[in-house]
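Shared between the two complexes below is chain A, which has chain B as its partner in the first and chain C in the second.
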Partner chain A sequence: MLGLNKKDASLLVVVAILVVCAPILLNPFPENSSLAQFNAGYPDLMQRFVIFGIFAIGFNILFGLTGYLSFGHAAFLGAGSYAGMWMMKLLSINVIPAIIFSTVIAGVISLAIGWISLRRSGIYFSILTLAFAQMAFALAASVLTPITGGETGLQTNLNDPRILPEFLGGGSAVDGNIPKPSLFGIEMTASFEIPVAGWLWTFNWGYYICGIMMLIAFYVAIRIFRSPFGLMLKAVKSNQQRMNYTGLNTRPYMLACFVISGMYAGLAGGLMAAMDPQVGAERMQWTASGEVVLMTILGGVGTLIGPVLGAGLIKYFENIFSKINKATLEVWFGVFPDWMSDFFVTIVYPFIGKGWHLTLGLLFMGIVIFLPGGLVEGGQRIRKLFNRKSSDASAKANPAE
Partner chain B sequence: MDAIVLQILNGLDKGSAYALIALGLTLIFGTLGVVNFAHGALFMLGAFCTVTLSRILTLSHEVVDPTRKDFLGNPLKVDVPYIYDWFGESTGAAIIDWAVPLSILFAIPIMIGIGVLMERGLIKHFYKRPHADQILVTFGLAIVLQEIIKYYFGANQIPAPAPQAFVGSLDFGALVGFEPGAIIYPYWRIVYFCFAMLLVGAVFAFLQFTTFGMVVRAGMADRETVGLLGINIDRRFTVMFGIAAAVAGLAGVMYTPINSPNYHMGMDFLVISFVVVVVGGMGSLPGAVLAGFVLGILESFASMRQVIELLPGVNQVVIYLAAIVILLTRPRGLLGRRGVMED
Partner chain C sequence: MGILEVKDVGKRFGGLQALGDVNLDVAENTVHAIIGPNGAGKSTLLNCLVGKLIPDTGSVMFDGQSVLGRTPYQINQMGISRVFQTPEIFGELSVLENMMIPIFAKRDGAFRLQGIDNMMGEKDIVEAAEKMLVDMNMADKREMHAAAMSRGDKRRLEIGMCLAQEPRLLLLDEPTAGMARADTNNTIDLLKQIKEERDITIAIIEHDMHVVFSLAERITVLAQGTPLVEDTPDNIKGHPKVREAYLGEAA
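Let's turn to the complex of A and B:
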């Protein structure tokens, strides 16, 4: 199917089903139950899941395939966001030009940065990309204020020109309001809700557009992983020197890979701007680059599905875990005697709520130390464990064989 | 002319901080071959040693002072630090006033302990792993350390003033023959610079003139051969890790009066100090110190008003710009050795 082998095709289908059914699957608890705060099926968070999924998939194409650790990917994300915003200010409120333009701009910028940074490898490459990203961040926050809005950021305004005709999303205002980003008239924030026996499922247009983009991005990533080009990149990871000695110039391959990865980041940035039309410079800060590294490692470097899992996990932590407060904990541990519940609350409290970064850091360290392959490797190990047990059992059951 | 001298002086104190952090980073890299992203966190921990000590010193108990009345007419309750009871009021006040310099003594054993613990507990297991893994695990450790500090000390800046004797500024210009008032330089920054030079000198002297340092230098050049000679080089490298942590910590301790510590100060310095290390040349100790001062001074020159008018925004990016230029033109950095981390 679509030039994929059976295994990859089934992976793509599974991911597609998950993306389509996410509003249902991520809302496992009834609306009024005490566990409802663990529901992640609201549009804003689901959009973030898939957008950061795209970002992490793109990062993984670079880091997972070639082993080049870029600490500057947030620059492309930010550049994509700014580019998308400008399209929505100048051309039309339709998200399609915004998404296309953000991807292209990020591609151009990553071509320039990659051209220079890829002269070096290893830690020097990391430092170079970091330096470029920090420069981009500092400039966006100060000198480039006419383009980026500086500290206040960039928003859509009432008096933006939006020169395209009305039916393509042009026009500066709708009924005196700032128009919301839309796709041929369907607003990104529009959603319809289906209440089913206590559950409330929200199907949001913006989420599905992001979801479709992620599926396309995922499909392209699979094709890259399985292509001769991907094989070349893997060869760079395992031994670049040998590649050079066999007479192959790896530079063009590396540059192409870097640009593709940057374009993924730009696409994610453009989608972020399209879902929530405001951009600030902090999106380019190096901590944002660090976050995508965390996502990729948590999920599993060099695997197809890993980065998406990692992105989902971190965004889930950031939005759900950070909301748990002391009172909630006291309710949970209320079943125990007082002294015991106090003890548990004191132990657990530093790790949740505002301290979720601590849990994240510990989890991350644990993964790097014990599970270098991330969650995906963890899953594989568990499956292997079960397989061995069942095969042992079958061996015992049929000793005669 | 006076403007140039002023900018050089301004660059020196920031440059000292860069140089000290970069020196520690290079010590770790040169000995153990580990890229330590948690080094900024060690700097931050040092700064919080100061905060802890000044809190310990000001631990106090309530005493009723019958001679004074509060606004309700009751005898006034006064918080008296325990240290007043032990050493008398004037000595006690002086000790509290000198909390920052005293923290040096307090921080050295703590930072060496943390460093040794870190090396034995975590870094040891990462010698054979790729550099990317080392970067990642120490990055995770930095997040953890930073969050622990945030949990105990809160997210706000905590002021830690310099001793009264060093508050105020020196009219440096008048000393060397410029107009009075042209070059004003705070006393504490002079102290910081001298302290940094002293510390750098001490580390170099330790490596150069002691037997221990000689063995460590030999180990940096060829670890395996030193091991074959029957010397337990690992233990010495562990000690060096502790010393590197102490250097970063002391840089943090003395930096507190210049910039009130908060939990993410380490991350702010980390990025720049890595740039400093790479510019100086991976594994080169003099390179790290030199690059620290050069970049500090470069940064302060770029913040001059005339320069900003000419090239707006250059003060924000000059360090990174310098790093990019140097990395592309001098692949080993300013003073890098041949054969150390050459891609």
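Let's turn to the complex of A and C:
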């Protein structure tokens, strides 16, 4: 199907089903239950899941295939966001030009940065990309204030020109409100809610547009992983010396890979701007670059689905885990005697709420030490465990497996 | 006139004259060995031929074209393949993938962007790689991780990868260094077989005299960066200058 082998095609189908059903799957707890705060199926967070999924998929094309660790990918994310914002200010509030332009601009910038950074490999490459990203951050935060809005950031305004005709999303709003990003009139924030028994499912247009973009991005990534180009990138990771002495020029392969990866980041940035039309320079900060590295490693470097899982996990922690507060804990431990409950609350409290970074850090350490292949390796081990139990006899017949 | 002509090549590292006025003429379709004691400049010479080093003086011509100033991948595309002292293969990839890469390089040149082209559409490449694996007698290992193989198999794979490019000149840098006797003999047999089956020129740098005298048709003896003699194996064996270079003045 679509030029994929059976295994990849079924993976794509599974991911597609998960993306489509996410508003239901991520809301497992009824609205009024005490566990409702663990529901992740609200539009804002689901959008973030898939957008950071795109970001991490793109990062993994570079890091997973070639082993080049970029610490500057947030620069492309931020550049994409600014580019998308300008399209929505100047051209039209329609998200399509914004998304296209953000991808192109990120591609151009990553071409320039990659051209220079790829002269070095290993830690020197990482440092160069970090330096460029910090320069981009400084430019966005102060020097380029006319373009980026500096510290206050960039928003859509009532008096933005939006020169395209009205049916393409141009023009200012008639009713005096700032128009919201839309797709041919359908606003990104528009959603319809379906209450079923105690549950409330929210199907949001913006989320589904991001979801479709992620599925396309995921499909393209699978094709890249399985293409001769992907093979060459894996060869770069494995042995550059042999590449050179086999008549292959590694530079353009690396540069093409870097630009593709940058364009993924730009697409993610453009979608972020389209979902929430305001950008600040902090989107380019090095912590944002580090976050995508964490996502990729947590999920599984060099695997297809890993980065998406990693992105989901980190965003879930950031948005859900961080909302658990002392009162919630007291309810949970309320079944114990008072002194015991106080004791547990004191122990657990530093790891929740604002301390969610601490828990994430422990989780990260655990995964890196015990599951170097990330969540994907964890899944494979579990599956192996089940397979061994169910087919002990056949395993004995094929000791090689 | 040979396929590879080295004229007056000199290379200096700081105060050390690694190579001084080396002249070498490798005739087409022969096996030419370059021998010499440690520090004679064998590896420096080889690195000058493949573009890893640029000699200070002299010229290196391959098939009438200068190789100087070209990068390793450009020189490889001219038709020179190199086998390293320790096998350089793509350890993380499967044996079949290892074999496919040089065939892609042969067909597509130094760079071709085929971003989402399908590997399943590359039947010719897969077939050619599989055929080469059969030739190298390692078809049973096609799905194996290359890094998991024995030293001898890695060497065999590396030679196969070089041959898959159909080079005109194959350079071997101590191909049997660190190998057990049995592996060494296998490698000798493999090289003999390659020579019989293909139109190929082989230049080999080697320490092991057993290997040299089993394979070479011409031998150049290098000592202290300059060629002492160049002759047939039979004449080299008893040559007084060679004995002197290897065993010292007293002998």
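General observations
To be clear about the criterion, the second predicted complex is superposed on the first by the 390 of 401 C-alpha atoms of A that agree within 3 Å, B and C clash if a C-alpha of one lies under 4 Å from a C-alpha of the other, contacts with A are read in each partner's own complex, and residues count from 1 in each chain.
Everything that follows uses one rule, which is that a residue touches a chain if its C-beta (ideal position, glycine included) is under 8 Å from a C-beta of that chain, and two chains touch if they have at least 3 such contacts.
This structure is a prediction, so every number in the text was calculated from the model and none was measured.
In the superposition on chain A, contact is made by A:369 with chain B only, not with chain C. In the superposed model, more residues of chain A are touched by B than by the other of chain B and chain C. Shared-chain residue A:122: touches chain B; no touch with chain C.
In the superposition on chain A, contact is made by A:237 with chain C only, not with chain B.
By the touch criterion defined above, A:290 reaches chain B but does not reach chain C. In the superposition on chain A, A:248 contacts chain C only, with no contact to chain B.
In the superposed model, A:355 lies in contact with chain B only, and not with chain C.
By the touch criterion stated above, A:139 is placed in contact with chain B alone, chain C being left untouched. Of the two partner chains, chain B is the only one touched by A:131; chain C is not. When both complexes are aligned on chain A by C-alpha atoms, no chain A residue touches chain B in the first and chain C in the second. By the touch criterion stated above, chain B contacts chain A in their complex at residues 35, 122, 125, 130-133, 135-137, 139-144, 146-148, 150-151, 267, 271, 274-275, 278, 282, 312-313, 316-317, 320-321, 323-324, 327-328, 331, 341, 343.
For chain A in complex with chain B, the residues that touch the partner chain are 67, 69, 116, 119-124, 126-128, 130-132, 134-135, 138-139, 141-144, 286-287, 290, 293, 297, 350, 355, 357-358, 360-362, 364-365, 368-369, 372. If you check the complex, the residues on chain A that touch chain C are 3, 5, 220, 223-224, 226-229, 231-232, 234-235, 237-239, 241-249, 252-253, 256, 260. Residue ranges on chain C touching chain A, taken from their complex, read 50, 71-73, 76-77, 81-82, 84, 88-93, 97, 100-102, 104-106, 109-111, 113-120, 122, 125, 161, 165.
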